[in-house]
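Quick one: the structure is below, questions incoming.
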Amino acid sequence: MPKAIYVINPNSSATVTSELDAAVAPLRLPGGPEIRCVTLAEGPPGVESQGDVDRAALAVQAFANAHRGEASAFVIACFSDPGLHGLRETENVPVLGISESAVLTALSIGHSFGVIAILPRSIPRHLRNWGAMGVMQRCAGEIAIGRGVSALADREATLAAMCDAGRRLRDERGAQVLVMGCAGMAPFRQPLQEATGLPVVEPTQAAVAMALGRVQLGW
Amino acid sequence: MPKAIYVINPNSSATVTSELDAAVAPLRLPGGPEIRCVTLAEGPPGVESQGDVDRAALAVQAFANAHRGEASAFVIACFSDPGLHGLRETENVPVLGISESAVLTALSIGHSFGVIAILPRSIPRHLRNWGAMGVMQRCAGEIAIGRGVSALADREATLAAMCDAGRRLRDERGAQVLVMGCAGMAPFRQPLQEATGLPVVEPTQAAVAMALGRVQLGW
Amino acid sequence: MPKAIYVINPNSSATVTSELDAAVAPLRLPGGPEIRCVTLAEGPPGVESQGDVDRAALAVQAFANAHRGEASAFVIACFSDPGLHGLRETENVPVLGISESAVLTALSIGHSFGVIAILPRSIPRHLRNWGAMGVMQRCAGEIAIGRGVSALADREATLAAMCDAGRRLRDERGAQVLVMGCAGMAPFRQPLQEATGLPVVEPTQAAVAMALGRVQLGW
Amino acid sequence: MPKAIYVINPNSSATVTSELDAAVAPLRLPGGPEIRCVTLAEGPPGVESQGDVDRAALAVQAFANAHRGEASAFVIACFSDPGLHGLRETENVPVLGISESAVLTALSIGHSFGVIAILPRSIPRHLRNWGAMGVMQRCAGEIAIGRGVSALADREATLAAMCDAGRRLRDERGAQVLVMGCAGMAPFRQPLQEATGLPVVEPTQAAVAMALGRVQLGW
Amino acid sequence: MPKAIYVINPNSSATVTSELDAAVAPLRLPGGPEIRCVTLAEGPPGVESQGDVDRAALAVQAFANAHRGEASAFVIACFSDPGLHGLRETENVPVLGISESAVLTALSIGHSFGVIAILPRSIPRHLRNWGAMGVMQRCAGEIAIGRGVSALADREATLAAMCDAGRRLRDERGAQVLVMGCAGMAPFRQPLQEATGLPVVEPTQAAVAMALGRVQLGW
Amino acid sequence: MPKAIYVINPNSSATVTSELDAAVAPLRLPGGPEIRCVTLAEGPPGVESQGDVDRAALAVQAFANAHRGEASAFVIACFSDPGLHGLRETENVPVLGISESAVLTALSIGHSFGVIAILPRSIPRHLRNWGAMGVMQRCAGEIAIGRGVSALADREATLAAMCDAGRRLRDERGAQVLVMGCAGMAPFRQPLQEATGLPVVEPTQAAVAMALGRVQLGW
């Protein structure tokens, strides 16, 4: 089996994984690296707390240990980037996290980025990440839509809430580019962009794009 | 059993735990909270990598889950603060990490703090923490003594290396206060202070002191 | 007379001093350091302007000069920390300011701290302090209740105004922990916490707790 | 003619352009976007001053105006990113600058990035850019090799100087990843990496990789 | 002809230049430097886009090249400071930009500065400048009045919009001093100050004042 | 007596005052504001500690109270800016501090500023000021020459020490402009500039220049 960019969904939802798979399809090119999206069946249904993130970090590391020889890169497809820095220490291939990649990509699109989070309690966790990244000066703010896993299943209401959060980030906080603060919502990117008039970064796409480049360049 | 401040040593070294126990003795006061130092036997011999930190986070959380009812506070006695933010989400008592507490305490002692790390590869991990804490402006720098676990056993050479790192932080980076970047080295605090002429923060003592205050105040 | 932690109220209000005295009672432990709260009778009725702070700095220094031999630590119980850095240069014992200690403590409780100030014109003065401390990245904002000394005497209205400011800091600025920006209001801590659902730091308690730890540790 | 990613070399050196062309070859994929490297014949021989950058901005804009219909993205291949923000306002396709992209990519590889500049007088210009990007907290420092255009022709001496600068950035400033602060030096990436033991980001490759991803994703 | 401080209006509006001329009149002193306000006839009617700024940079540089021998200082009277850093590299006399000077002056008047911009799309450009200047911590925010060139001609409505923006910067963002984010509006300074109760910095006056001092001091 | 810009030397040295007087001579213009340099006889011989600064603040305030009606502006000519923010609250005229003004002026001359301090223990005090000003990102560093008042009397050795500090700030810290961190040393500005090849800001001149502009503009 040729090596692939592994896109690791650390929650146990195969639905999310298939969303990821569809989202990265445009990055599959003849002659380019294969991209494999995988579900960590042992993961939680959703990563919602710091404890979930801590557990996911180990699951992601275990996956990397088991698939090291088959990977040309690892992408961690959870917006808290569980295991990111651990894998960077153990793997010899590029390791990208979707929240880090999304923010870095946003920095090349608009000046101040706003983040649409799912749950309010994720915001401090994300702020710690932006602080560790040293990019808080560019962060316009973060607003949560406050919908749990079951509420997310109502796609229409979820999109409406994201559009509302996006408009508030634009109008009240001065965001010039939006980052979707979760994995598996690529279909909402375009409508969110239209509703807000702002460019929108879908984090898994952003991360796999960075991985693709790194793999092709061999660094 | 009355509740206690649990000081959790997430590595498996009982020697380190007994060092912690001695270090916090001055904070045991009649009428004050009990302070119990515990070893996580299932932990690694030392926390040296991000992977160790990630694994330690789960072990610390498991300990908290098991001892929740007996704890008036938790102190995580590893300079990478494994599990700190996870416990803050799950526990109703104060949770302190020794690296966070050490830096906060140092900020009340001197303007620019310098950190003496054990291993070079810990430095980026610590810098991510200072960034997440938003205190990089006060960080004069961090220098590693580059000694592995066995080399640390040579106490005299270790102290000499720490003094050398401290003098370099003072002279080359402008540090006005030093933070010892590891647990279990309280006996070196005084000689390091004398060798450098700078105040020195011992992290476990700093964290337990903060826990003591919080417990007494009931917040 | 054994040495004590001196808690210096730099305004002339004995009422405030007795509030301080009650607030720090839980930190008085058998075998622990004595804590003495003193009023600087020559101080202004309240510290409301930069000029008041400048004058208070000298009064605090004069007090330290006169009581040096009896002090195991000095706590400056005014939210502008008058004389803090002066005493740190002249005294060989720990010197803590209540605003600095409150913010450092808040940083170990929630990610973004909000400050409830008394007067609007204090805000720039506080912001200069957070800037000097290098912690502006963690400051969600500061809101003043705009009540003068006489208006503060109406306790009920004052608490209501503080709760309102706290809710605005939480909802409009994203504060995850609140700092009470004045001395002598410890009884409002608990109701403010209940009204806002956020943890609340009372600054004199925070500072004396840090002093207690430092005195016990002998550094 | 199908649309292409235009990689614009704003200096008049066809040699540099052919270096760029070779450097981005691994990013040419069957089914992926064409990548065309062009020389702005009217540009200066090298971009060495702020005035050169200002003039290059207009030349780049003129090129974009003339080739708008043929471009799926524009990459500005000069380490001062001339015209970057102008093109972002006028073009409907992704616009990437090589210095911005290099730094963003470096942020996903190591904690503190060091930059190897060609001329000392470029350093303040670059620092303004890192400041505008809001990433100074991650910048370990920048060191210039101080070689003019003719001196650069001596490849061996240039590489030696870059390796020396890289080692100083690593040892004296704590850089954990290096950014090559000029276009057209991709062949030095690997030897520089070997000489320093640090990952090295080649800026044109970094920018074209980001452009490739954006073009494929259609955003 | 004796040397003069050249105040360069990079847009083609002679009306704006005569406003500048009137604004700096109080800085013309017997025995002091002459102050000459000039219009760059080849400039755009107004500088509204990054492209306008880029073109203006060249025009300003061309003017400096042509008048080098007659200038004791150059002031660039456009709020995007076109050509500022280019001229600093080529000229041996002080070079001041009005936006940089306005912000520096504001920093000596109030803690948090708010900027009243003309067009929304200028805001990211300004934010890049404040970021490059490293003063974002002092920036309370920026609000645009959103009036194009023709709409600006309605002086009364323009002033009303500026007062409204100023009040919002004061009340919603905590600005303690206002900066007028455009040239040629000195007559609005006093009424804006009265309407908001905040000190207001007029940028061209601020820059020429700094130039006057530098010229007199000979450095 | 017409109003004047009062330049207040808060130490008791008339020699320093006459140095100030000579330094600001070029800013005395026919038709411009009078500039009066005064000595606070009750001040300390030199301002060397935080305590000296605190006492000087009161002396400066007392002077302002006594001369309010005669002042068109106040300049506080001590590099710790004693009383700066107090006077800003009480006076209706411009109040400038020499360290603040020097740094703001330096920001318009070079990217990274280095400060030459007299005594090492002043450095943390200055760093608190740069932090409060929010300009640490532009501070390359600060180096003290470590000479007490009597040692300063040896002009030649003092200048040599300043040149040495300046060269170190340039070579080791990357300073592009130097700030002289004390009052009364204007004659050293030019030789220091020649010795280092860097522009040098003399703080009293910088502050009086800013005051001159503000007075002429009436704001």
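Worth pointing out:
When the chains are written out, they are named A, B, C, D, E and F in that same order, and each has its own residue count from 1.
Criterion: a contact is a pair of C-beta atoms (placed from the backbone, for glycine too) under 8 Å apart; a residue touches a chain by one contact, two chains touch by 3 or more.
Since we're looking at a predicted model, the values are computed, not measured.
The chains that touch subunit C as well as subunit F are B, E. Shared contact partners of subunit E and subunit F, listed by label, are C, D.
The chain with its Cα centroid farthest from the Cα centroid of subunit A is F.
Averaging C-alpha coordinates per chain and comparing to subunit E, the farthest chain turns out to be B. Taking each chain's centre as the average of its CA atoms, subunit A and subunit D sit 27 Å apart.
Subunit E has its Cα centroid 42 Å from the Cα centroid of subunit C.
Among all residues of subunit F, those that touch two or more other chains are 124, 128, 131, 133-134, 136-137. Contact between chains, as defined at the top, is found for A-B, A-C, A-D, A-E, B-C, B-D, B-F, C-E, C-F, D-E, D-F, E-F. For subunit F in complex with subunit D, the touching residues are 110-112, 137, 174, 176. For subunit F in complex with subunit B, the touching residues are 123-124, 127-128, 131, 136, 141-142. Residue ranges of subunit B in contact with subunit A, taken from their complex: 49-51, 53-55, 57-58, 61, 83, 85-86, 88-90, 121, 124-125, 128-129, 131-134, 136. For subunit F in complex with subunit E, the touching residues are 26-27, 29-32, 96, 100-101, 104-105, 107-108, 133-138, 189, 193, 199-202, 205-206, 208-210, 212-214, 216-219.
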